[in-house]
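Provided herewith is a single structure, encoded as structure tokens, for subsequent inquiry.
Chain lettering (A, B, C and D) follows the sequence in which the chains are written, and residue indices restart at 1 in each chain.
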Amino acid sequence: MKVKVGIIGVTGYTGGELLRLLLNHPYVEIKKATSRSNAGNDVTLVHPHLEKEISLVEEDFEVASFLEGLDLVFLALPHGKSAPLVKEIYEKKVKVIDLGADFRLKDSNDYEFWYELKHACPELLPESVYGLPEIYKEEISKTQIVANPGCYPTSIILGLAPLLANKIIDTETIVIDSKSGVSGAGKTLTEITHYTHINENLLAYKVGNHRHIPEIEQELSLLVQSRVCVNFTPHLVPMNRGILSSIYVTPKVSITEKELADFYREFYQGCPFIRLRDKTRLPQTKWVQGSNYCDLAPVYDERTGRIIVFSAIDNLVKGASGQAIQNMNIMFGLEETAGLGIAGMYP
Amino acid sequence: MKVKVGIIGVTGYTGGELLRLLLNHPYVEIKKATSRSNAGNDVTLVHPHLEKEISLVEEDFEVASFLEGLDLVFLALPHGKSAPLVKEIYEKKVKVIDLGADFRLKDSNDYEFWYELKHACPELLPESVYGLPEIYKEEISKTQIVANPGCYPTSIILGLAPLLANKIIDTETIVIDSKSGVSGAGKTLTEITHYTHINENLLAYKVGNHRHIPEIEQELSLLVQSRVCVNFTPHLVPMNRGILSSIYVTPKVSITEKELADFYREFYQGCPFIRLRDKTRLPQTKWVQGSNYCDLAPVYDERTGRIIVFSAIDNLVKGASGQAIQNMNIMFGLEETAGLGIAGMYP
Amino acid sequence: MKVKVGIIGVTGYTGGELLRLLLNHPYVEIKKATSRSNAGNDVTLVHPHLEKEISLVEEDFEVASFLEGLDLVFLALPHGKSAPLVKEIYEKKVKVIDLGADFRLKDSNDYEFWYELKHACPELLPESVYGLPEIYKEEISKTQIVANPGCYPTSIILGLAPLLANKIIDTETIVIDSKSGVSGAGKTLTEITHYTHINENLLAYKVGNHRHIPEIEQELSLLVQSRVCVNFTPHLVPMNRGILSSIYVTPKVSITEKELADFYREFYQGCPFIRLRDKTRLPQTKWVQGSNYCDLAPVYDERTGRIIVFSAIDNLVKGASGQAIQNMNIMFGLEETAGLGIAGMYP
Amino acid sequence: MKVKVGIIGVTGYTGGELLRLLLNHPYVEIKKATSRSNAGNDVTLVHPHLEKEISLVEEDFEVASFLEGLDLVFLALPHGKSAPLVKEIYEKKVKVIDLGADFRLKDSNDYEFWYELKHACPELLPESVYGLPEIYKEEISKTQIVANPGCYPTSIILGLAPLLANKIIDTETIVIDSKSGVSGAGKTLTEITHYTHINENLLAYKVGNHRHIPEIEQELSLLVQSRVCVNFTPHLVPMNRGILSSIYVTPKVSITEKELADFYREFYQGCPFIRLRDKTRLPQTKWVQGSNYCDLAPVYDERTGRIIVFSAIDNLVKGASGQAIQNMNIMFGLEETAGLGIAGMYP
């Protein structure tokens, strides 16, 4: 028996990526897909690379009828659009994975502050689980609502978790310098993401006020059981896919690179999508391109006494749609790697 | 029962791409791999994107022992290196698909002229089949030796076959302007493929003397049953993957765009990897990125009376490793698309 | 005494490029600049790369007052917007160089057909000169209105002129395959020019109906004194700047590569911005990046009897603003190369 | 009277860039150029973009005769090659600007440690001046030997100097995350800089052991008059030119963004190549592409209390050849901006 899924908001990059990956999933049937901009047309009109792989006319969207016959719904919508839908889906007892931001922050005040929007169903926040399987696998397996993590937070939390869980670092020293390919900015046309502007260009943006900050701090705080405040600076890099986070922290204790590596190996034991590397083979975004891996390398700099962690993911896979499928697998008791055995594409 | 395969020359891009695709193949077991430069190491040392997907130590190469237990060998070697090996493999009754150039030209004199090398086993040329499944499916299913086509020829022959088979065009008018991503030039370091040189650059190369010319002309001639001579001009474009061939021809007969489309549809009936497009949706290399598709669009220009055919492939998939697997499937009676259901990657 | 110039429509890429180049011009003073979208602000607000090089607040635009004190106006406007302005400028006896399309076609019917717009002042068409200095230097020196050529036509006409002027080729055989960087599509946001779409992508567009076709055919026809009809196919290539046109023609007479080279050398004698190359050093767009050069190489393919001409320019310099300045120099009796001695930028 | 200059090691990117910029210099004559790999040929053989701009046959190199008639020599050589030459040039009383690393470190032990090479003429180290004009203008004007700074150090020292000189920050907190285009890695072919590898890729390298570290620390220490130790992590980004350094520091005193801006404005008063920006217009590498500017923006993050400074340069101009010319101007009493008035190229 296959899991019957629907995708709401299938037009964007994460929607397309869900299709690409689910098409290869042995235990899933893509039953329905919908989006405002492509209603009435086949999904391949907006995703021509999938022609001949799938044929699926997008429905005019009406929640109740859309849910009929579905086991799970993926939401790939802008923030603010998911919350009301999740409420309805939840009431219909259908499982839902929200790839947007509406259920990532546990505190609706934080949501209101950072997203400048009142949350539509704060009562469901405690019901939802932050969908980072390397940390919340157990909770994910039991929930009906998964809040799929943001791309930057995924790379960063996975990079820091072993250090925080083991209380190795001074949490006041965390500096995170992240670099992202342009697909992270989505399909919306902007001056910054116009080809001739961002090609052969490099810049920081939203310094100190990116909406992934509260999400990062919430999860790091939970790991270390105390309030963590970080510097997070995102940069835009002229490439399509990939995030590399370079994370600088000061240890509270004396530590060797070998011990560091051990902490990571232990923490991520049994995690199929974590690949540990080291300073002789630092993570490169191209090595995770198209795949669900997160490549990690903690490095200890003896000269300065700082630890530097490098974390690379494909922002559209482990940073979005791949992780959503990993969550789905866990929610339905499937093998965690099902449908995600697609190797990365190089070059 | 799985087909047991070995790969000789696994280090290069086509070797890596064979691994990536075969890992996803339901009826194949990758038993062995070897290469001069990585002997004794795991294949993931040169293909770090495949770490955790495969673990396979490369053997010190000795033909006889390498062949033991194998049903099929893929050769991904420079021209001149394959021929002697194919001879040995053939004698051991193992099937072989040569991704190199040694068996593509039927006439060993052509080979000697264009490759400036005496062919090591011209007696096997008649035994081998040119592995373009859309044309030679029947022959491929019966042969022991497949000569996997070149990347440019694949895009071009597929673009022109319906016109030639239907004797629609004046074969003296064929002008082919092909553009390729840089992976087509391989892993060998050269000044031209140094990042800072070819990035933000565009150039033609080997005008009138590229080694794919005799291969293109051989196959076009066979299709139309008369000697065809073409202008073929390859260009290097700053991107990793993809070939777009723009082919200009003059029809001998009056024709409409609708009739053109019909010829193509008919010719490629039952061909799972051909996608026909038209002038409202011209082929784009990104739409075939990572997949085995060839996207084709024949356009009729009323002003000038010329037909222009656009043909897009991923040079490493349909132009190399994907096509090799398609050939393997046919040789072993498997479903033609087995292991190739991986959708293209966008963006 | 310096030439006092104004720029109308300074916001776009060609406007910015006019500023960059004129700032380095020894005999020019940029007096005024204007654009609808940036009125009231300094030009460096839209051209931050020029900060500290120039400070010039854009005027609210009113033609009569704008013209005061100016010797020359550059127009960098969409087609249809220039014609009415040129009329007013002409009447005020100010010289004008239109970088748009409104005065390129001599026949207002052609304009109406291709641009789907009635020409606002067809009576001025005979007064204007097509601003390709390598062919019309004399006429440019005497006119008040210059129609600055399109980017593709510049590369193509310069590529073919020696062949046509010497009546060497069969004009029915001309096939032109042009490839352009993305800046040619301008600053307007579109799906095609969104970074994640066109990066790592390659496509043809406007096959058989690009608006540069009538301009190319008009000029080629004038050169050979008979009606010429061509296949022109533009392609978009993932890079910022540069056009490479690959032009395929059949000679009417027997010819050698040496003779070909001689025709080109003779035709372009005294032309400071033409650089002749050959098949051992084919034109590369990076070699003309940022400069006003057009690099040309005619190649004779003995196998097929065709001539292939490669022509490379920077679409924003020789294909637009650099050529406009070259025209200005000629109109004002300045050295043709004044302000254009800026060498290309490599890499 | 023009300054007569020679270039030793003209083949590389910095050599080509020296030519490009000096060709536009009103008070310089390029008399000689030489390199091992191109001896006997015209410089345009390795720099085809400069054809028609310069014609200069490279000499077989012999120091004494090369120096004849020269006022200044630029050295663009690998480390270790400059030192012995500088000695000879110094003795002949010719001025010299070394674009390599041999005279950047004041302490020959540091040199020996980091470059694993004994310095050939440590006695000249005190004679040489670190050529960062924004800090050492006076000293540069009087010296005979200028050690032209490294590209990363230029971006970093300029980014931090106002903070250090004003003793605003805790020097134990400095974390520097730098990102560079690929031309910084030079013309030498490597696997990392092979197009298909680094295109669509992103990585850190030489974590904690890049040879620019001692140079950065030496200069920062001098500014604050105490030993400074920093984390410096370079990253490679898929673009040709540009460095963006993101620098994270903790202030010792309470400070506002307005005060920060004032410190920078004051410190860089009279510095023609510094452009101060702010968080509403963060530095972008494209805005300095091809020009000698360093764009700086100090940002104060109230949430975390950290200062983040963004510093963007073109690594080949302000990071190498442009700065060398700026130094030359100062050494010869010319206007500091002479020959450097070339505006940046956008897009």
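The rule we apply is simple: contacts are C-beta pairs under 8 Å (C-beta built on N, C-alpha and C of every residue); 3 or more make two chains touch, one makes a residue touch a chain.
Note that the coordinates shown come from a computational prediction; the quantities given were computed from them, not determined experimentally.
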item: Number of steps on the shortest touching-chain route linking subunit B and subunit C; value: 1
item: Between the pairs A-D and C-D, the one where more C-beta pairs touch; value: A-D
item: Whole-Å gap separating subunit B and subunit D, where each centre is the average of the chain's CA atoms; value: 46
item: Chain centre separation (subunit C, subunit D; CA means) in Å; value: 36
item: Computed distance of Cα centres, subunit D from subunit A, in Å; value: 39
item: Shared interface positions of subunit A, touching two or more other chains; value: 13, 183, 196-197, 199-200, 238-241, 284, 286, 289, 347
item: Residue ranges of subunit C touching subunit A (in the complex, touch as defined); value: 13, 182-183, 187, 189-191, 193-200, 238-240
item: Residues on subunit D engaged by subunit C in the complex (per definition of touch); value: 13, 16, 19-20, 23-24, 47-53, 183, 200, 240-241, 272, 275, 281, 284, 286-291, 293, 341-347
item: Subunit C partner contacts - residues on subunit B that touch it in the complex; value: 175, 177, 179, 181, 196-197, 199-205, 207-208, 213, 229-231, 233, 235, 237-242, 244, 246, 248, 279, 282-286, 289, 299, 301-304, 306, 308, 310, 312, 347
